[in-house]
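Below you'll find the structure, written out as structure tokens, and then a few comments.
By written order: A, B and C. Residues from 1 in each chain.
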């Protein structure tokens, strides 16, 4: 057994496909990015080595700063708007029995399986001030003005709403599963103690859900950082870079502004930021877990 | 006293229903709106009402969407590419998980960590260099240009889930197999894999959901219609039918339909799969 | 009689030298009388078609990849392009043509991605520094033989933007004029008049807003139409455009007060409600649909959209009532009403790395035979090509076509390449995103001009 399980050749053959995929699709492009990040390569012709120049430019680039701030805003929005609603809805759904429970759960998740391409275009129409659903709904409620949902100040929040709407089912489902896994005995004990539902939720459900919340918060922050597709189609970073995100920005710089080298420098910094944030989040959550 | 309590709980119950229904309306109404206007004619869009009853149901919108949107071709491509990606991810992740979890070698932990790092890398940061690489070795506009990154970025999650599920598989079964003279490959694919069935379902669902909606890589790496995936129906239509909104709505409904229908049919299994993945993740 | 008049008009129109570059100032100069060459040209295509048939009869199958910026293959320019492709396929049975078409922004992005390594054989290009400089420096386009096109009837000067060091790398498709399209019937019904001055335009916008209609539909989500608006205003304020713009870009300094005045005027107009709510985030199609569905009274766009008049997707009472006027004069400005924003922009080229370069060039030449793109374009109301179209006048042109012809005919000067396309692509990218901020008041005119100046360094 021991011999069989330490056969180097067999081990190698088992991990080889995984390693190859990793080397070819993740490590190699990152190395290439690091190289091009040090050049002034425009995307065509010859690449010229310019040292740290791109990174110096990046430090002063207000649009990149804006991208990171936007990611932060998005993460805050997820954590303080989407997740509380998702937890409450999950808790309420848990109280429901029978068929209705399944039906609602199904309905909430539907937007999640629809392609971002459809979602982004759909919301472009929903937000249109002249014939969009949202302004028509407001008009039906008596408000006559036209609201510009994509002004420099409001656009980022409008993007957030779309993302919350699209990802709601996923977050809800995870909380729902977490709640379902709570031992019913604990609830019985609480009701014997005479606690009402709200205090049961606050004193039992929430604390027990801590690990689930931590996972969900980590995922929210990461997905806020990595945001690209929805923004790419919905606003493409506009108006005036007010909804810019790192991934979209590097794409624009490389393929629109002929700054492939600079785009790669953004990519490298972007990867480092993602790694640091993930490690940091894991660390603070791991530290707390045992206690 | 007792009566008061039932009234109280009736109010509470109503309140719960109101919350649930309100959220359901918010989640689904935009889709109903989409469906509604996809059956109208284009100039009926410019109304102040929320929903309309089309003067004449325009099935023609869907015919245009179906034909000019290359619906069948792109759907086939989407299913094929995603299907292959799922198979590869499952296959590779089971092997790697077994090697890292069960086999005895010094670097097991290090290799596992290395492979899991992929989870932290933002997929879009590899767009630029990957484009360069695929061009250099003539992979652009082939199925590999999508398969490779799809597999690469779903693999870490797959590996993570497989290793945690593998812990629950009793070692005794393997020991018995070794006694019977089975080789490692037989053990991995003949004994362990069938036991991992629920986790395979989870990994399959997660991988599928991750990649089904992807279009940035597809639109960067592909150029001919040969391997284009379903989101392209929508992307191409906004240019092709820029002056006809109703047809655009039809193509959006049409491309959304397969995933929604499959989800509604398999909703119990998918929910279970996602839930399992979530708890482990 | 009517036909003859039109011929004369167009002939004169074509004598205006169209500017492609940014450096020189426009002037009216006499070129070869177009009427003379017209006869020769109609003869030429016939020979060439015969040649083509001969040489291809025995050749092996060839696949040409065409990358186009015209995704709508059923209307306007895309339809014309497809018509010529279909004809070419019929005449050359051994050839297969694969078209990949994306709309402009997506096209330019993908083009740059392609330019890195290996492009399709025939591509759409723009004869403007922002686009072509990097492309030509990288040497990805095949050189064309200018002498081949001596009798193709290209308007004098229209090839200049497609040249580098005297060598020709592409051919222009259009002569573009920027204008306000307006709905004549809506104007008449409401008693609105075509504005003669910029102040009148703003006053008109107030009236239209009061009637609950959008005054001007603007594609502000893409920055370029707003940059062209700025060019239009610079022309009206300063009288000329190319000279001060190229100077500013060369010195990376936009301190010239003309720029500030134009930017502020533009921002004031936008903030006074000249455009639809949320114009700065809406795309081309959204803006155009507002106009073609009667939600907006005007639409600021180039002459290439004059095929709206024949687009069956647009309801008849709107499409037959579309007319156009150019930017009205600005009070105290040096520019006359007849100094217009016009240029030769889009066109085609062949990839230098094409494995079927010969066939690609043959196809390119076929496209530009005067009785192909140019003729069909004219007959389908698409707008003006960069070639002499006098031979195809029928008198049954749309009102819009006639209007644009008159505008060009009466022009005393043209702007040349719009401001955003005069500098390097970094300048273009920065300008097109910053102009959104400048228009809606997020940044001041000074800050806007400083940031586009910095982008030139």
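Everything below uses one rule, namely that contacts are C-beta pairs under 8 Å (C-beta built on N, C-alpha and C of every residue); 3 or more make two chains touch, one makes a residue touch a chain.
Just so you know, these numbers come straight off a predicted model, no measurement behind them.
Contact count check for B-C and A-B (C-beta pairs in contact): higher for A-B.
Among the remaining chains, the Cα-based centre furthest from that of chain A is the centre of C.
Between chain B and chain C, the centres computed from C-alpha atoms are 42 Å apart.
The geometric centre of chain A is 15 Å away from that of chain B, both derived from CA atoms. In chain C, the residues touching two or more other chains are 110, 113, 116, 295.
Contacts with at least two other chains are made by residues 45-46, 132, 235, 238, 245 of chain B. Residue positions of chain A touching 2 or more other chains: 130-131, 254, 260. Residues of chain A touching chain B in their complex: 1-2, 4-8, 10-11, 14-15, 17-19, 21-22, 24-26, 28-30, 32-33, 36, 85, 88-89, 92-93, 95-96, 102, 104-118, 121-123, 125-126, 130-131, 133, 136-137, 139-140, 165, 168-170, 173-174, 176-178, 181, 197, 212, 215, 219, 222, 225-226, 228-229, 232, 246-247, 250-251, 254, 260, 263-264, 267-268, 270-271, 274-275, 278-279.
Interface residues of chain B, counted against chain A in their complex, comprise 12, 16, 19-20, 23-24, 26-28, 30-31, 33-34, 45-50, 91-93, 95-96, 98-100, 102-105, 111, 114-115, 117-130, 132-133, 148-149, 151-153, 155, 159, 175, 178, 183-185, 188, 209, 212-216, 230-231, 234-235, 238, 245, 248-249, 252, 255-256, 259-260, 262-264, 267-268, 270-271, 274-275, 278-279, 281.
Taken together, the chain A residues at the contact with chain C in this complex read 42-45, 124, 127-131, 146-152, 155, 235-242, 252-260.
Taken in their complex, chain C has these residues touching chain A: 105, 108-110, 112-113, 115-116, 134-135, 137-140, 214, 220-221, 276-278, 280-282, 286, 290, 295, 424-426, 428-430, 433-434, 436-437, 440, 442-443. Across the complex, chain C is touched by residues 42-43, 45-46, 131-132, 135-136, 219-220, 223-224, 235-236, 238-245 of chain B.
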